[in-house]
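Listed next: structures, encoded as structure tokens.
After this come two complexes, each holding chain A, first together with chain B and then together with chain C.
Let's turn to the complex of A and B:
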């Protein structure tokens, strides 16, 4: 379990990093915390010719408020969020997710941008940030573009990142005072990847919600206007109006053919909704 | 509730160090400081690393192996290994079919991970680069991936010339017809998943050749170095005297490190061919996909009982997935043969029939894992006992109490002629029920949980035959039959003691416990007792450490050697004191007579350094003794334990939480109760793995699917509860000090206790789980299936 030979660069600024990624004709991989790529290299599931280590880029470790939005650099670690070293506009939602990612050792090194870029459907951020309505700035030598998190991941380990492009920042909207948050996952054991995730942001005053069913072995199901889950409208009694049959039908439509898996997903979602209402 | 026993001790500097003392482990000073020496820590000048090209397919013909020209000198295949014999582990049981396991594949591969080529380079990474550059032309054959389908006529064949896939079929029957009219008859199919043993340290080999000694030296993470030497010599066609096996610190074995590896043979050949030391260290993927498998059993079982829960008989057909090859030395049939002989468990059983099949499949060989077949047997039998209890309308504990062998029947020969040496099984069960507080759990169950979970209580009880000797193993006729165990005890010139034993520690703490045995007899401070093991050149022959035998056998041999050494010291001491031999005693490290005493230190000094002070008629045999030992009966010691678990099951998510866990263990006289506790807690962790987490699934092409620890789940600190442990102590009548082997028991009973607890929790829903591991998915699937059935019925 040793990686195949590769060239390694550790640029000092983002421009240099993007140049390296843009110039090379060789297959290149970006490494930040290395918590996913490291094992894949050792297993030779990934065998890039060049590895660009972005962990020295101070530009990607920022955490700033831009109006009603928290902007995190891609190299902010899960532990930075867990420990409150970066500020928060989600009233603890971000911290709650971060604190339960894998194990502390992984959280110390693993980064939010790296986790998103890896696009593992069972990882926490792809579901959690989608429920929050977060957006990503993707940057390459040619410029930047902004995508919604739910449009970023397109399948298991598949994202819309183009060659030479990296996740630069994550834009997390502030949680409004009336919005409820629920996040529940089911794991076989402590620290393992989830086999079911339910993430909900519900604003009963506004009659709006975002609901995510994650860890389904494909891109998470993101419901941006999930009135049907609540019998047609969202109000303060949303917890009691949750319709498990509708959730089950959504999973069937998404191709989750195993009834036991669907049952677990629906149960986890119900708990996330209860947690939001609590 | 821990039972801290106070063994009677002499006064003096070494007091409190003998049999029964909770002595801190001597090993821990180096191990806790990271100063242990494992195979991968060994650095020899000129050492090169080996990586293997392994089969990516489960079953295929080898049509070609292409080695790039630039790597020709680095790569070796079967064609190079002229004169190297395949590994053969033959059982003497009638009808056993022989498999030959080539050390590098010849003609065809029979499992994923089978060795095809050996690549050597300066570093492991470079060796892996070379391995990746070797291309294989394989013609895939249909894989034999399911042991039950493998038994069917028309199945693909692992070994074509056999005509079927059955290593061995056995049948054992006593009076089964007498049970058939029983009013309770419960039939089920029960199965346990295929597992990987997963010691912290994997296998590892460093091979080098010593020209001065004309000797091959193999450092190997091995439990049974002497047996490894015999097997290696047979494969290489070498004299055993030209081979030395050194097992340094070993980080867990559990059976995995008992077998002769093709890698050991390959590297031995390679160092002699290349002239420099070579090393291979098993990585975790190799361990999971290519090496040790265990536990995969299937039972089709019927239990007969009377209305009062009394057992009338068992009728069983058991199948074991033995994998592609018969492993050396345990063979492909040890597991199934053991199933047939131990399935009646610790119960009175008037009638019994068991047919077994050891089936060849395109998987790694099956190896005896901690508890060997007992974990599967206990799972099958104890789940059935709960079903009998449900049929009879009785508490599961009550059904067990009505059927367990009673203390007044000891020693007891059961229906398969197992000789139970001693014990009070019902008392262990009663204590477990009291400790877990059955009534309180039932009351809580009745009240229900505010969070919607369901509470269940589960019991299991087993017996662990340990240190079984010649009479047991000769019947199986496998390459390794244990005889007398030997130990050498040598008083050093400064009055210290060296003990040399052929067993080896892979975590058993024998540097401490064997020193305690010696202390008990000679009174020498354990700090001055040095245990030398893990080296064929320095220790007497032994079959090694397996079957929970080392404390009984090597402990017995150490005791025997020390007693003889005591006699010799007394003879010298008596001379020095000018006493009759009959009038002196050895006490507290001194030979004492009416007129005075002389210490072992002075006796040793005189013998070695000042022989001029000895009279001319002194006993010339000196202060070094090699002695052999066997218990009065070698049919094995029987330790046992009752386990009780309380779980909470979440019927929506299928999650299981262990709320409470109790074991009441009787391992005879405990040499070091703290070490025993450690063994039991460690076993519990592995048992929880079997119960809830560990599974190596295969697809229909024979591909192992859990190839990393992200998929092969092992229990961690948060999955293992703070269990409560109580000891009983019924000495074995046959062994020195009354000790019994206890190394495996912790891993035997937890899967059954936990499964019974889950089933108890879910019984009101009409759900039962009969397959390990009990995963969330399986629980939810079973609940949904039951609902579907009820809907269909309504």
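Let's turn to the complex of A and C:
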């Protein structure tokens, strides 16, 4: 239960960190709060030669408004969001997710960028931010690129991050005044990774929605305009129009072959929709 | 080793530590502050919870070197703390400890709840303490004790502090130290080849077994079943089509030895072992059953792949697979079957593509980055591989919520 030996670097600034990662990428792992990587190191499931600690980089611990979106640095913690130390343009949606991640002692060190980079399909931000339509800036010493959260994760623990590249910032769009939000997860034990996640952003005035069925052990299902879930159109009665059979068919198509698991996912999604409508 | 300087219980301390030394081991082994307990050592049980920069953190998955310049408070540093004193009295009154092992971490988490919770709501207290496990299961007394202290303090007009006193962004403990670096760690894990040989030697027989997990997959190739079936009999070809797989020694019809390198996220494993192959030519079906171990994670797996070929309209072949496996050891502790399935799906897609290319007479890609890098599953596909192979494996993960 002790990690294999590794070398440790705490670079002075982001440029130095990216340059170091660019040179040693293959054998290096980036650590921020270490709440996902730490357990793997201790269990020796991961044994990198070098750990590059980015948790001290001031550039990654900022939060600011850019027009209609909030831009969070990758090293902002779940507790920072839970406590309102960063401002919120989602009318509580971000706080609601953050406050129910793992345990307080974990939230005090675990970071939003680290959780995304770890790419666990059952983690909260993966599904929650996809439903919000958030984007990520990825940065390497070669430059930056922007990806949508739903395009970031490609499978269990696999993201589009390239060697030497890190998540730099998370861009969260403001929630429009007419948009409803619902987020529900199913855990058998408080604080554990979810077995099912339903995340919905529904704007009945605009007739639009984003629906995410997450924690399916693969990249989440992100439905960007799921009219079929609501009998063909989205209006103020969307809660009553939710069609569980359509949701079940979507899960079948995504390869969730176990009927009991599909039932849990559909039930959790229904609850999220009810929460949004409440 | 590097010199780590931080403040522990209001005292400036400096000690040499390896980068891999956790904050818990640092305070226990370097400073003799053994009140901090270690239970699971991977962030689940909460026994090691201490205050870092004034708020709770897991000292088992926080490395001391990352806390350069931070302020750490262990249970020993809370002797004079007002809230902790009240909690101790309440724990005594409510019989809130039995063996006492979880108590230091429990008190640190309880203190944080007393600070932050607006009122003594039992559900909120239980949720707040869910990250601290008590094996004596004395939760009723603990929850009562914490609730009584919250109630008394609110009754005395002491307001909650929602943020527990934290007012800067980022992981607690970070940001106090300047740039730092250590010498490259000298010897890391032993070379994989060496490890693998020991493992293979120990595989003498492949016992019958009932898999703990079974799932189905299928793929299609544009070649007739007869050719595909013949190819699946050529172990070397099958191995070449499976990412991460290599054969050892000379395969015999009934036994193949080899290894599969699996990577999923930060996890890398090399399962080495043997497989037995059975074929039913009349039914165009077969079974590969194998056993293997990964020395580094001290994990073992047994698995089987059953395959059946069917002719498709148009002359192609549908290959149906039933994959069953049992995983034991460290990997099993952190793994979930669904992650294996996802990896298996990606691996099978790659295998199917390679098989198709081979049947069409095209060269196989020499190294495919994805493959080499991907597959936890490879293991499993490993199975496939040896005749397709050998067996499978799995993958990953660990703890709770979203972590990061």
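The working rule: the second predicted complex is superposed on the first by the 276 of 278 C-alpha atoms of A that agree within 3 Å, B and C clash if a C-alpha of one lies under 4 Å from a C-alpha of the other, contacts with A are read in each partner's own complex, and residues count from 1 in each chain.
Criterion: a contact is a pair of C-beta atoms (placed from the backbone, for glycine too) under 8 Å apart; a residue touches a chain by one contact, two chains touch by 3 or more.
The model shown is predicted, which means the values in this text are computed figures rather than measured ones.
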| item | value |
| --- | --- |
| Chain B versus chain C as contact partner of A:268, first or second or both or neither | first |
| First (chain B), second (chain C), both or neither touched by A:217 | second |
| First (chain B), second (chain C), both or neither touched by A:58 | second |
| First (chain B), second (chain C), both or neither touched by A:49 | second |
| Which of chain B and chain C A:188 touches, first, second, both or neither | first |
| More chain A residues in contact - chain B or chain C | C |
| First (chain B), second (chain C), both or neither touched by A:2 | both |
| Which superposed partner A:113 touches (first chain B, second chain C, both, neither) | second |
| First (chain B), second (chain C), both or neither touched by A:39 | both |
| First (chain B), second (chain C), both or neither touched by A:88 | neither |
| Footprint overlap on chain A, comparing chain B with chain C | 1-5, 39, 43-44, 189-193 |
| Residues of chain A defined as touching chain C within the complex | 1-12, 16, 29, 31-51, 53, 55-56, 58, 60-63, 73, 75-80, 83-86, 100-106, 108-126, 155-158, 189-194, 216-218, 255, 257 |
| Residue ranges of chain A in contact with chain B within the complex | 1-5, 39, 43-44, 186, 188-193, 195-196, 259-261, 263-264, 267-268, 270 |
| Of all residues in chain B, those that touch chain A in their complex | 123-125, 128-129, 132, 283-285, 652-655, 693, 708, 710, 713, 715-716, 718-719, 775-777, 780-781, 784 |
| Sites on chain C touched by chain A in the complex | 2, 18-20, 22, 25, 41-43, 46, 49, 52, 55-58, 60-63, 65-66, 68, 109, 112, 126-128, 130-132, 162-164, 166-189, 215-216, 264-269, 296-297, 330-331, 333-334, 336-339, 341-343, 345-346, 374, 376, 395-404 |
